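Chain naming follows the written order as A, B and C, and within any one chain the residues start at number 1.
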Amino acid sequence: MQIPSTGLEAGVEGAVLKADVRDLDFYYGAFHALKRVSMPIHDHMVTALIGPSGCGKSTLLRCFNRMHDLYPGNRYDGGGIVLYPDNTNLLAPEVDPIEVRMRISMVFQKPNPFPKSIYENVAYSLRVRGMRNKNELDDRVESALKGAALWNEVSNRLNELGANLSGGQQQRLCIARALASDPEIILFDEPTSALDPIATASIEELIIELKEKVTILIVTHNMQQAARISDYTAYMYLGEMVEFGVTDQVFIKPQKKATEDYITGRFG
Amino acid sequence: MSASASMPSRPGAASLGSGVSDRLSKKASRHVKERIIEALLFSAAAFSVFVTVAIVYVLVKESWVFFETVPLSDFLFDTQWTPLFDDAHYGIMVLLSGTLTSSAVALVVAIPLGTIIALYLSEFAGFKVREIAKPFLELLGGVPTIVYGYFALTFLTPILQRIYPDLPGFNLLSAGLVMGIMIIPYVASLSEDAMRAVPMSLREGSYAMGATRLQTALWVVTPAATSGIASAYILGISRAVGETMILAVAAGMQPNLTFNPAEPGATITSYIVQVALGDLPHGSIGYQTIFAAGLTLLLMTLAFNLLGYWLRKRFREVY
Amino acid sequence: MKAADIDAIRAIITRAKRWDLFFSLLGILSLMVGVLTFTVLFVDMAIQGVPRLNLDFFTSFPSRKAANAGILSAWVGTVLVMVLTALAAVPLGVAAGVYLEEYAPKNWITDIIEINISNLAGIPSIVYGLLALGLFVYYFGFGQSILSAGLTLALLILPVIIVATREAIRAIPQSIHEGSYACGATTWQTVSDHILPYSSAGILTGVIIGMARAIGETAPIITIGALTFIAFLPPAPFTGEPPAGLFDWIFAPFTVMPIQMFNWTSRPEAAFTVNAAAAGFVLVFMTLAMNGLAIYVRYRLRKNIKW
């Protein structure tokens, strides 16, 4: 399926495109939740989605891994999300959502470790891919846990239940789970909103480190967080993309009045 | 609505002076009426405890007399059950073997099928299929067991006999198989409840990793619902052990110490029916045997119920 | 991602999805085992029994000759026993359910009552028969009567009605309670003016399901010693000399549908098996009709009530 480029990606300093949202419309039943949304996602960068509650941030994020396909009545309608370099439209009906989810992983707002051991939680995304070799699994689990800065804390209790960890550790466990299978993009939906400030800081630090390995798209309510960790920022309002740009510019010199009002706290 | 409006029967509040005290006294009478009603409702609820106490009392009292004649060790270890013969033996093991064998056959049917149906309805089926299947399963569970017994005896047994010509007309196999079908709805619907109680966030976590429905169902939903599923199984076992009519009709009622489902046999329950059908005099030892058998049955189901209750409690605490 | 990697992923997905499909089929197949068994059971019984279903079958007493035998005493007995069961179980069960939802404090007494009710629901019906034999038949001296049978079945379905009442009440939103209390109503006024009327359809569903179960119960009634061969009717209710005569029917000996069916099933002659099939058909038809009614009431309830 060919989708005309919106040209939005132009003008951003030499970064390589990883994905491109083009004129995306999305409906929850009759409710029009995303209205002709377009935005680029740059490779090995952190892109933040901000906006008032209910504006459609999670909805947009969950389009990226076709989470909406799980529920009847949800409908992508026109437009698409093109993934580079292979130019696949993630939302095309002939593309299997499972394939999309194997390439694009996700971390949720509330940590949701499975009722399994720490080890099995991380190994899950590998087992789903049919990996059975014990040594290979061990290696990948270890490197994922190291990648999620959790290895030192759990290396001697890998067989304990994931739910026994603290909230921040659980969230890092979920990051390790997402990381284990080497995804191309990881989606974060307000990953720190259920955590205390110290755990939040460690997750933020981790996200910055992670962009060495993977492209990151993060929804956040916390303006400082967006400013601290993201390279690009998108401001959404009522299902529409109001402004997209390099984070520094969006925060220092927003193009639109609405963005400025939201960022300076006059609204939202 | 004020207190005086709701009680028009006391119009005395006309003069201002008596108004205050009058209103207070209305409250008091209202209070008394409320207390009486509450006490009545409480006794209705507490009545259920009385039922349990009465069950235990009746069974223990009659069994007590029985165990004054028959030593407990005979009851537990004798290998014959001939309470109505001159040479009377009271080995409950004989009846227990029939109960266990038929229950085992039933569970071999009900547990896999019930679990698969539950997984299918909770994780695979669309809304419409579920809306049709659940009431249908309820119907299946609502068919009187005497009808299932008739079905086992007159329909299933002849078919089984075509496959195994040596199968006797009364056998534990046919009764057990039909009993298994009867238990499927219990296992399926309780297991499904447990699976549906697993929070959506866990499923989303699994799907987000690229898992398929079956992987999510088997690797995430089932482990998360384990104790609920286990309590569904226990309910199934307890139903099988307590089922009476299917066995009384289709398994024959000859006491038979066997674990071979292809043989006829009596169970604890069918023995009670057999004795009740005859006319044993009240107070005779034969009459008391059914209470001893019933007490054994009660203790077994009680143990299962407690285990199931404990498991359900645990499973509620998980989330 | 390299094209080769994507191909590998696709291969894995194809394989995994084949298992999905396999399990879906297995699920449908398992459901079909239930559907099929029920259909075969019903059709087989209908083929055998329906030819026997003429007016005479409903108006004749059992007989030594299969062709003359009917279910008159059985269905009359069932109706009378059900009347007593409902009279005893419904008020008691609803009252207990209301108490537990609206009055019960959170304490150990309530805990015991709740555990006890869920335990009662799990006790085999034949144990209720033994209770009734010891208590109603001999201790209270009711004998092998309609009264004993009605009370036995009432105890048996009590947990069903209590649980249904509680669920129906719990479905009423808290705001309705609060609205009523805010008007100054007492607990009982709230219950009688709001809770009971709004939950009545849900309670009715539970009562019907409980009664459908009671109709088919055989074991406890055999255990209290109901006769299997009754060639007379109990005195017509409320027609005897008052005061004693009004209630003489409840002490009459009786038989019920499932026992009649059991009796015919356990005879070796094929002609009686046909009678059993006919009685079974009537019995299943009654329970199906009641269950269907319950499902319908619940469906209407869900459609009509919008809080």
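Definition applied: a contact is a pair of C-beta atoms (placed from the backbone, for glycine too) under 8 Å apart; a residue touches a chain by one contact, two chains touch by 3 or more.
Note that the coordinates shown come from a computational prediction; the quantities given were computed from them, not determined experimentally.
Enquirer: Are the chains arranged, by touching, as a line, ring, star, complete graph, or other?
Expert: Contact map by chain: complete.
Enquirer: Quick check for you: compute each chain's CA centroid and the global CA centroid, then name the chain with the smallest gap between them.
Expert: Given all protein C-alpha atoms shown, the central chain works out to be B.
Enquirer: Applying the document's contact definition, name the chain pair with more C-beta pairs in contact, A-B or B-C.
Expert: B-C
Enquirer: Averaging over Cα atoms per chain, report the distance between subunit A and subunit C in Å.
Expert: Centre separation, subunit A to subunit C: 53 Å.
Enquirer: Let me have the rounded angstrom distance from the C-alpha centre of subunit A over to the C-alpha centre of subunit B, please.
Expert: Going by mean C-alpha positions, subunit A sits 49 Å from subunit B.
Enquirer: Mind checking the centre-to-centre distance between subunit B and subunit C? Centres are C-alpha means, answer in whole Å.
Expert: The separation of the two C-alpha centroids amounts to 14 Å.
Enquirer: Please set out, as single numbers or ranges, the residues of subunit C touching at least two other chains.
Expert: Expected reply: 13, 16-17.
Enquirer: Going through subunit A residue by residue, note those that touch at least 2 other chains and give them in order.
Expert: Counting only residues that touch two or more other chains, subunit A contributes 98-99, 102, 128-129.
Enquirer: By the touch rule stated above, which residues of subunit B touch at least two different other chains?
Expert: Residues 212, 215 of subunit B each touch two or more of the other chains.
Enquirer: Within their complex, state which residues of subunit B touch subunit C.
Expert: Answer in residue numbers: 1-3, 6, 30, 33-34, 37-38, 40-42, 44-49, 51-52, 54-55, 58-59, 61-62, 113, 116-117, 119-121, 124-125, 133, 135-140, 142-151, 153-155, 181, 184-185, 212-215, 217, 235, 238, 241-245, 248-249, 269, 272-273, 276-277, 279, 282, 290-291, 294, 297-298, 301-302, 304-306, 308-309.
Enquirer: Report the residues of subunit A in contact with subunit C in the complex, numbered from low to high.
Expert: 86, 96, 98-99, 102-103, 128-130, 184
Enquirer: Given the complex with subunit A, which residues does subunit B contribute to the contact?
Expert: For this pair, the touching residues of subunit B are 126-127, 199, 201-212, 215, 219-220, 223-224, 318.
Enquirer: Which residues, counting only subunit C, touch subunit B once they are in their complex?
Expert: Those in contact with subunit B are residues 13, 16-17, 19-20, 23-24, 26-28, 30-31, 33-35, 37-38, 40-41, 44-45, 91-93, 95-96, 98-100, 103-104, 112-113, 115-120, 122-131, 133-135, 138, 155, 158-159, 162, 183-189, 209, 212-213, 215-219, 222-225, 228, 258, 261-262, 265-266, 273, 276-277, 280, 283-284, 287-288, 291-292, 295.
Enquirer: Along subunit A, where are the residues that touch subunit B in the complex?
Expert: Its residues touching subunit B are 65, 67, 70, 72, 98-99, 101-102, 105-106, 108, 110, 112-116, 124-125, 127-129, 174, 177-178, 181.
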